[in-house]
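Take a look at the following structure, please.
Chain IDs A, B and C follow the sequence of writing; residue 1 opens each chain.
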């Protein structure tokens, strides 16, 4: 089994004027190639911080992260990654097509290849009419979809999606789910944060539950849920029991 | 309220408010004028431009020297042109000084200073500004020319005026009038040698017919006085004394007649020294 | 590497040049040209000088505002609004990103300065005679563009460690200091030795923007010495490099 993502004993501490804030503490997990993992947790648990460290935007205080055996943050690791941020804001005056082409070029494609692939991707997320309009004019859902196209260009092996369903209406969520399941079929590795547990349950093989910087559980969904138990129930029970332990 | 009434209502609110604004502003202005009248100073005095000192202004330009000089220049024009009822224009020299300090090569203010400042009673200030101009624009003939005029008319300092005009005439592009006027001032200052040289030069070489002719008249004038003096000397050598009057020369048939002065001046004769001159009356 | 820099530069340029705010500023500059025509007519025949002086000032002043705006928002706004995240997640080094940003801004400034300059040149030529368009005037415009480049690399430096608003404030402060050379020099004369050395230090370290100011001479058709041009261009290039180098050091360590 190829290890797509390896997080080893990662901690992240922020220093404020008064004290030290531990955003993430001693986090470790492995994501194998081809798996789809949902990263769950209450707000402020450390999901986005972890994702930023995987992307190399922040560096861990302790520990190491590897993507397909390349250190996180290096240009070699970045070649494997496609990233969709939460509530993305892209260059407002570029058109959707121009933006995705730019990302394609940054992934190493030449202009023609990038343009071809970008047009194709934007069509597949339903933006084929709007791709030449400036992003300024896009609705929230359209921006989200353009963001997905941008994350997919260059055929990255691992996708990191931060709240991919936010801003999408019912139809949009359905489309996004279809795309993700499609990608899963193609053998891509996906890690995403989400609050919409019903979608997570449908798409993911594994879940990781994180609270207050600590990884509480990480395992295959089938193993964790009792029969007829929803992921939501399970999640709430885990968090509550962890918090009651502290009191 | 129906939508039409709403429009009328909103419009009335806006219009009435602006009428109120107009009323307040108008009365504010009226009060201002009343108060100024009671202080007994002109609006210009209230609004006189406050110019920082030479030192400070050099530091405040942040490199935009020519532009700030332009703005000060426009201000100068407005200030002078607005007609100060007290006729003092106290800030005028300071304004022009500020302009020429930060933009020394700006030529027009120097000419302006030379023309206008003496009329408003700022003769020494004008001369100082023009002297700075001579340093900053050494190739400019108009500045020493202007200076010469002020020295002549306002200061009656003929020697300095002559020197200034002469200085002007040496600059590139200086017209013949600078030479001519320098000679005229030398003449007034009784430096006849120099005057004669310059007039002779003009009479021979000038391209300007007017000055050529006038210069010739001066040359003839000096030649006349010179020859009269020589005749008197010869008379003294023969008779042992100078003639009592110039007419005696005619009476004794030494000369046929005493010619009229080419410049139309009165020829004066001192029988004690035998000197002939035709100085203009010193006023 | 060069490819990534080029891509970022081009897209930064496209994004900046389409920004409406820049259009407004350029329009204001042209309005200033118009005002100079009016003021020239009431200047007692000094219209040549006034049109040239005010025209220069318009290009300079609005160019500086555009530079500060572009430079301060280029990096800090993108980080604050998280627009930069997907870009930085790509296989590029942070230094390429910064360099690309710089060239993108420099390109934008070049196009805008060129546009304003052409209007200025046509105006001056038509109203005051084409003989006024000489080497001195063109060099003055070129030097102004050099100043914009140095200022924008300064803005990028600030932008890489502080917020957009603070970068703008620092930029304005450094800009004013950089133009205060005559003040500093005169203060040097009269102060005691220790303070004199401090001010001398300030003079040499802070970017001396006054050396890019040929406008006072250009209006009198005075050219700089040929050798001087090399020193000035070299100063600009070296300074841009230093500031971008420092910006890169600051940005590398930045937690996003």
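The rule we apply is simple: contacts are C-beta pairs under 8 Å (C-beta built on N, C-alpha and C of every residue); 3 or more make two chains touch, one makes a residue touch a chain.
The structure displayed is predicted, hence computed values, not measured ones.
Farthest from chain B in terms of Cα centroid separation is A.
Here C is the chain whose Cα centre lies closest to the centre of all protein Cα atoms. Chain A and chain C have Cα centroids lying 40 Å from one another. Per-chain CA centroids place chain B at a distance of 45 Å from chain C. A separation of 84 Å divides the Cα centre of chain A from that of chain B. Contact of a single residue of chain C with at least two other chains is seen at no position. Those residues of chain C that touch chain B in the complex are listed here as 39, 42-46, 49-50, 53-54, 56-57, 176, 179-183, 186, 209-210, 213, 215-216, 219-220. Per the touch definition, chain A reaches chain C in the complex via residues 52, 55-58, 75-76, 78-79, 81, 83-85, 87-94, 98, 102-103, 105-108, 134, 147, 150-151. By the touch criterion given at the top, residues 55, 58-59, 61-67, 70, 73-74, 77, 103, 105-106, 108, 112 of chain B touch chain C in their complex.
Per the touch definition, chain C reaches chain A in the complex via residues 3-4, 7-8, 11, 14-15, 18-19, 81-83, 85-93, 255-256.
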